[in-house]
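Chain lettering (A, B, C and D) follows the sequence in which the chains are written, and residue indices restart at 1 in each chain.
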Amino acid sequence: MARMERYTITIPEDLLARYDSLIQSQGYTNRSEAIRDLVRDALIEEEWADASEKVAATVTLVYDHHFSELAHRLTDLQHHHAGLVVVSTHIHLDNDNCLEVIILRGRCGEVRALAEKMIALRGVKHGKVVHTTEGSRIG
Amino acid sequence: MARMERYTITIPEDLLARYDSLIQSQGYTNRSEAIRDLVRDALIEEEWADASEKVAATVTLVYDHHFSELAHRLTDLQHHHAGLVVVSTHIHLDNDNCLEVIILRGRCGEVRALAEKMIALRGVKHGKVVHTTEGSRIG
Amino acid sequence: MARMERYTITIPEDLLARYDSLIQSQGYTNRSEAIRDLVRDALIEEEWADASEKVAATVTLVYDHHFSELAHRLTDLQHHHAGLVVVSTHIHLDNDNCLEVIILRGRCGEVRALAEKMIALRGVKHGKVVHTTEGSRIG
Amino acid sequence: MARMERYTITIPEDLLARYDSLIQSQGYTNRSEAIRDLVRDALIEEEWADASEKVAATVTLVYDHHFSELAHRLTDLQHHHAGLVVVSTHIHLDNDNCLEVIILRGRCGEVRALAEKMIALRGVKHGKVVHTTEGSRIG
């Protein structure tokens, strides 16, 4: 566990009261935790600005598995980048539609490029990347 | 597979040329597919504006598993909302850090609330929700 | 000026060091100020979730003034919502293109609807809304 | 006015029907216009990825004008970057709060840095940048 520091911020009384009521509605039980989350969010955006930084990401895809060749191409793409793909989880939404989540790790530039390629595959109805972190650099 | 329609748009020549070069760099091999993806993105945002709409979502969490009680609370939270949680996938980033992806389905309002609660748990370093779709309404 | 409160957060040492270097690169000279900005950002998003809340907004439009009837329709739209439009500033980007910024105030729902209508006008090449605040509620 | 091209996309019937109803609610009277706007949005994001590209931007600031030295520092900052600042529009929200919109033009990297500096000034309660375009490259 990381070494903790105590830091005092000055903040308008009203602002703090309104923030407390917001984070309570979101389920936070602890104000420091909510503020640390804002800080970490800002840092993760920064990590992703550097193409050589080591990062983690998840790609969420919704697609129609009847779509000719799509499942095949998706598997191919993942195998050709086996160093980046950690695991892929697949559920059946209905007779036609699948949802798949792929966890990726690697250099930011390569992770981003692979994610774009998967989303661009013909037959993928919706695709989104979450840029996240390997965790060690954000305490 | 959905019934297809052919629709003709008028678009400035230069705009189309620049768009072609952008989507090619993203890995699209087909211009219609890229435009359909833009259209679907806009529609999914709309789905999520209505709290009673049925949706799918993924939640990506990075956390330190040494953090007191966190893994326990996360499991508890998922069990108390078993109707919303489809599956949860977990990987070990290093000695301390885990990455977990939870796939959720249900009414938009409930899915959103559960996702916020998981992200707000003390010890979660980073959390992001992807709002996606059950697929059948977006062709 | 608002009554200030002093509040102590506990935060991992490394996280704080990395945050300090990020905000310094952004031009902040004061860490409390950077954190207050994160807090205010979160609150303003919340204000905009309630359609009846009083808000302020700016709409940025880029358009070709040769486009038939556009300037006329844009002026018309603003006059029909004179209670929402505070001021409009216009510059000439080149022979064809204009950039216009419109400052709006009013109930969130009405402000949002008027902004969408302006952006949807035929001939508007790019339009974006900034959701901001009347300022008094965020200290 | 740009040379127009006609381009036919194939798109699922249902998807198109749902999109039509969405854009109608946003005030679009023309489907091609809505799709061109999606395409332009994607291209403008791309323009801003290259620090040397010529761009336009607006910065929206809300601040308390009683805040010691802020108005002075803001004016100073704008004068030191006179080549980037086109015009600044200022309204009084109430006794304390001002809203100011600054229109900027120049190399993307410099515009971004100046915008960040203004937002980081102590006393600025809320600041947001809109990344837009000089218009000529997006038809």
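Everything below uses one rule, namely that a residue touches a chain if its C-beta (ideal position, glycine included) is under 8 Å from a C-beta of that chain, and two chains touch if they have at least 3 such contacts.
Being a predicted model, the structure only gives us computed values, none of them experimental.
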>> On the document's contact criterion, could you list the chains that touch subunit C and likewise touch subunit D?
In response: none
> Repeat of C-D among A-B, A-C or B-D, where over half of the residue-numbered contact pairs coincide, is which pair?
Replying inline: A-B
>> Centroid from C-alpha atoms only, then distance subunit A to subunit B, rounded to Å. What do you get?
In response: 9
>> So the centre of each chain is just the mean of its C-alpha atoms; given that, what is the distance between subunit B and subunit D in Å?
In response: 26
> Mind pulling the subunit C residues that touch 2 or more other chains?
Replying inline: 40, 138-139
> Line, ring, star, complete or other: which one describes how these chains touch?
Replying inline: ring
> Taking all chains into account, which pairs touch?
Replying inline: A-B, A-C, B-D, C-D
>> So in the complex, the part of subunit D that touches subunit C is made up of which residues?
In response: 1, 23, 26-30, 33-34, 37, 40-41, 44, 56, 58, 60, 62-64, 66-67, 86-87, 89, 91, 93-94, 96-99, 101, 103, 105, 113, 116-117, 119-122, 124-128, 130-136, 138-139
> Where on subunit C does subunit A make contact in their complex?
Replying inline: 2-16, 18-19, 22, 31-32, 35-36, 38-40, 42-43, 46, 137-139
